[in-house]
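Same chain, two partners: subunit A is paired with subunit B first, then with subunit C.
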Partner chain A sequence: MAVSPTDVREEGIAVEPGAAPSSGVPIRQTNLWKDAWRRYIRNRAAVIAGVGFLLILLYCLLAPILSPYDPTFVDYSIAKQDPSLHHLFGTDKFGRDLFERTALGGRVSILIGFGATLAILAIGVVYGAISGFVGGRLDNGLMRFLDALYGLPYLPFAIITLAIIGRTNMWTMMIALSIASWFTTARIVRGQVISLKENDYVRAAKAVGARWYRILFRHLLPNTLGVLIIAIFLELPAVILGEAFLSFIGLGISPPDPSWGAMAQEGRGTYRTHPIEIVVPSVAIASLVMCANFIADGLRDALDPRSRKN
Partner chain B sequence: MALLEVNDLRTHFFTREGVVQAVDGISFAVEKGKTLGIVGESGCGKSVTALSIMGLIPKPPARIVSGEVLFEGQDLTKLSEHKLEDVRGREIAMIFQDPMTSLNPTLTIGTQITETIRRHYDVPQQQANKKAIELLEEVRIPRASERLKDYPHRFSGGMRQRVMIAIALSCDPKLLIADEPTTALDVTVQASVLDLLDDLRTEHEMAMIIITHDLGVVAEASDDILVMYAGQIVEQASTLDLFDHPEHPYTEALLGALPQLEGEGIRQRRLVAIPGRPPDLIDPPAACRFAPRCRYAGNDSCTQQMPELREIRKGHWVRSAHPASERAGKRAPEATPA
Partner chain C sequence: MLKFIVRRVFWTIPVLLVVIFLTFMMMRQIEGSPFRHSERAVPPAVLQNLERKFNLDKPWYLQYAYYVKGVFTLDLGPSLVLRGQDVNDIVKTHFPKSIELGLYAFLFAIFVGVPLGVAAALRHNTAVDYSAMFFSNVFHAVPSFLIATLMIYFIALKAGALPTSGWTTWQHKIMPSIALGFGPMALFARLVRGTMLETLQQDYVRTARAKGLRYRRVVGLHVLRNSLIPVITAAGPLLGYIITGSFVIELIFNIPGIGGYYVTAVSARDYSVVMGLTVLLSGLVIIANLVVDILYGLLDPRTRDARI
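Now for the complex of A and B:
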């Protein structure tokens, strides 16, 4: 995005011009983003989710660096250990440290998650912006096409895509996961562009001769940023779940490289005798997805106060 | 040659319910450096007229079905959108009713002014900045150079309208169209914005069209006034003549609805409202469109067919079968306070 609506230089306290200086109480300047931040901070669930999300990211980033173990080294003498001070999450059936492997798996899952989400946004924004901005027959056509695509089930489509590509790595996973899930984003962006198009400042821009690209990139898209941020945190959990599912059924990231889905798959065989192996990646997936959902919820309330139900 | 000449302009909206004849055959001219006031109640087509001149009517559903808009002899309705964009802002600028929403909240005031300048002139950013400061000073915004970096939310309504005026003036247009420039503002701010507009018009030697439903606004600012009703011109005259000798019953009624603070109005008479409401512009009657609300329309020709717009005396045009100067003998009784 070319412009950020926030301006960090516009900080601090200023007196509204024309306000009586004698009142003594300075009026705090505010804008949408500061306002949103204030509302977000007041939402306890969203704050906890945000902190949890950051902690998970930090753990995935740092644990493999700090851990003394080799994540792929097989040592049956220490297989299937329960959590201990040496192995915080225990070890799997090959004697690999689960604390480190979960972090590594998280890296893969989160990377795929963010990558696919960005791809979804890119496709959705372009498609939705064109549709909403041009309007008329093209809009009608593009939207009917989208309606048809909506009928496609997400996971089977991802599986078929993977089968067609024939190779499985992080990039193909991103493609497979984004190819059938950008529809909602496109619709959101289209709706936003259409409603923003009616704004007075768009008409005012036209009245001084602004060309279409200036109106689109300067006046419309920057103002959709709010909903796009929400869309990111709504798409992210869906994509991460999709990745976990694909890896779990063996279509995704394959061993010995860890991903949360693949780790859960490995732990499935021993869930009676050594349940920790399947519990750890499952809890990791669940907590990340839950955090993202709560964050999305908090962001929606913060960025669009009208939708808040008190 | 007049700067702007509108000939038999018809702008219709093609809706599901039918064709709304929002602007139905209006003609007028604006001379260089003069101010024209367009007056009428909501929905009479005054804004659509302005948007038609600018080529900004929403298409679809609206379309200019006939007529021409000659600006310096060039028909704007025949220009391509691309060419028209070069005219907008550069030759004809427009300011809108609501200054609170007419500025993009995500861009600084400075950006919004300089972008307009650089849209039409090939000048470096620094020079555009300098020009922007000059413009803000010209519209009397204090500490102009500092305020350039401010976002719109830091400005009050009156100041935002000044900024809008600065943007409109940034390319020295020859014609400024002000669509209800003061309607959204406080009464005290209204006067200062109007004064400002008038001063700037003189300094920049612009022509101006002021659109309003408030006769008080046009009384001082404009040279000529055009009264619109239901998509048509019903009366057109110089400001003085119109206020002193209104001819059309509608204009008379409008003036009667104004509070008077001097002269006979001091007798605390009640304001006289016009009964009824304007006709539906889908399929309007073939008769005079004001007839159902007119005190003088009886069982005569004007309820059967549309009166022509005729020049009742030099420079004073009226569309009515019962203009004031022709009914002196059979004057209707003065409206009594209810």
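Now for the complex of A and C:
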């Protein structure tokens, strides 16, 4: 049974600098983050997923730099090749190296993914913090509104947003993907703020006359950091899949900077003769999404022991 | 309980109004009217007539009021681009196919996902559990267009067992339904496994075992029933999941449903159709959430006061 962070904190307070425990075993000084790290690295699936995630990031970063090929050079004599030592993932219908293009596509997909995730967190934190902090009727109204919107399909709203802006680039894609996806994050933040509000240190701060903004920014929001880190890895897969779907139905960022979804859409034209062209970017998406899912699970167990299943 | 239901239903109306409002305001922001489109330039007099016909010359709040009245009387207005067609006509031709597809996908998800989750929970920490969870984690992550494309490649093209696209005979309906159902299936398996493991540790399960009930009977009578309740809550988000997936699946398999038509309507700038379909899909999810909440309140009395 692992020690929950609150226990650890009490333990830390109880230990006086000079007073060695009688059993002779030194008490390990720890804090929430060290403790979470210790719990995280004990979770084998989460560690493998974390390493996999970093490897994918490294691949996207380094492959285009190290690759000897030009990602836009068209050479029909080597088109539609299967994977080989020269072209690890094969080539596309224009003879471009898929190993390099997949890494470039990953840069676009991951950048959009993180950008949209941050936007989702920003909206979610504001909405959730207001709802939880103010409470009362406002909270009730805001939450009933969220209840009803819960599970709303984000795709139609993303499509309309792109139509309103009229241009499709990385920035508009981030906006489109975050506009109808922040409901869950808002709910999580609100729940966290409400449960934190009941803590003694918040009451103490109020009792000594701290203003509301000090309580909110100094005591409540920093303590939502844990759930926000989990939320990043919960939202990232959804956003990356969302971008892939949008690109696949032809509403994504246009070439020459294809994301993984746009590459899959390109590959759809030739899947009858050369399926590898759609398989490679799709598997890249799946790997990243799966890693993120396992990281989210591991982080939840590490940072929020109350939710852990025995 | 009645009070709970009445209040919950009552809350749905303002939410529906807000969603219609947001969609309405968003649609107004889109640049260019369908009639001012360069390749379809019309004389000013005709334009005026057209705008009057579609109430586009009225102030926005009147347009909104007309629209809300239309939605609540189940009339989504005329198509701006297709001559002589109402949005209702489009819904009537395309929607049944989407409903059918979604229903089959849902059934596939239930009949494969639930047993998978139950098996994983009953054989916790065994090879059965691990493989079921690996399987569901993979299918939770793989984009449905890959599953669909691979199915077409291997089953339709290589083996020639099923037709590649279309939506006419039952053979046409197998692959799209399964391809769309894979994601929800993985979701169900994980959810059922989780709730079931939790339920197995409840005191009443131990009591039932202690008073001598057979394991099978305890699982069938107490555990399964109580573990399926949280699955109901997943139905709302699941509907959204299936709607999103249907956009892609209908495109790949060339199914004339709502998802495929939506994209066509956006590129044709047929705003009334886009708006009508958006309101329709959102309304579906909102109503599904309402039904789920009421069902949940009926099944689990503890949630009645907490949720409303």
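Methods note: the second predicted complex is superposed on the first by the 283 of 310 C-alpha atoms of A that agree within 3 Å, B and C clash if a C-alpha of one lies under 4 Å from a C-alpha of the other, contacts with A are read in each partner's own complex, and residues count from 1 in each chain.
Basically, contacts are C-beta pairs under 8 Å (C-beta built on N, C-alpha and C of every residue); 3 or more make two chains touch, one makes a residue touch a chain.
It should be emphasised that the depicted structure is a prediction, and the values quoted were computed from it without experimental measurement.
Contacts of A:244 after superposition: subunit C is touched, whereas subunit B is not reached. Of the two partner chains, neither subunit B nor subunit C is touched by A:113. Once the two complexes are overlaid on the shared chain, A:153 sits against subunit C while remaining clear of subunit B.
In the superposed model, A:218 makes contact with subunit B only, not with subunit C. A count of residues in subunit A touched by subunit B and by subunit C gives the higher number to C. In the superposition on chain A, contact is made by A:204 with subunit B only, not with subunit C. Shared-chain residue A:275: touches subunit C; no touch with subunit B. Once both structures are placed on chain A, no subunit A residue is touched by subunit B and, in the other complex, by subunit C. By the touch rule above, subunit A contacts subunit C in their complex via residues 144-145, 147-157, 159-161, 163-164, 166, 237, 241-242, 244-245, 248-251, 261, 264, 268, 271-272, 275, 278-279, 282-283, 285-287, 289-290, 293-294, 309-310. Put simply, subunit C touches subunit A in their complex at residues 11-12, 15-16, 18-19, 23, 26-27, 29-31, 137-138, 140-143, 145-146, 149-150, 152-153, 157, 194, 197-198, 201, 236-241, 243-244, 247-248, 251-252, 262-263, 266, 274, 277-278, 281-282, 285-286, 288-290, 293, 307-308. On subunit B, the positions that touch subunit A within their shared complex are 54, 56, 60, 85-90, 93-94, 96, 98, 101-108, 115-116, 119-120, 142, 149, 151, 153-156, 159, 164, 167-168, 170-171.
Chain contact summary for the complex, subunit A toward subunit B: residues 3, 5, 7, 9-10, 14, 16-18, 29, 31-32, 136, 199-201, 203-211, 214, 218-219, 222-223.
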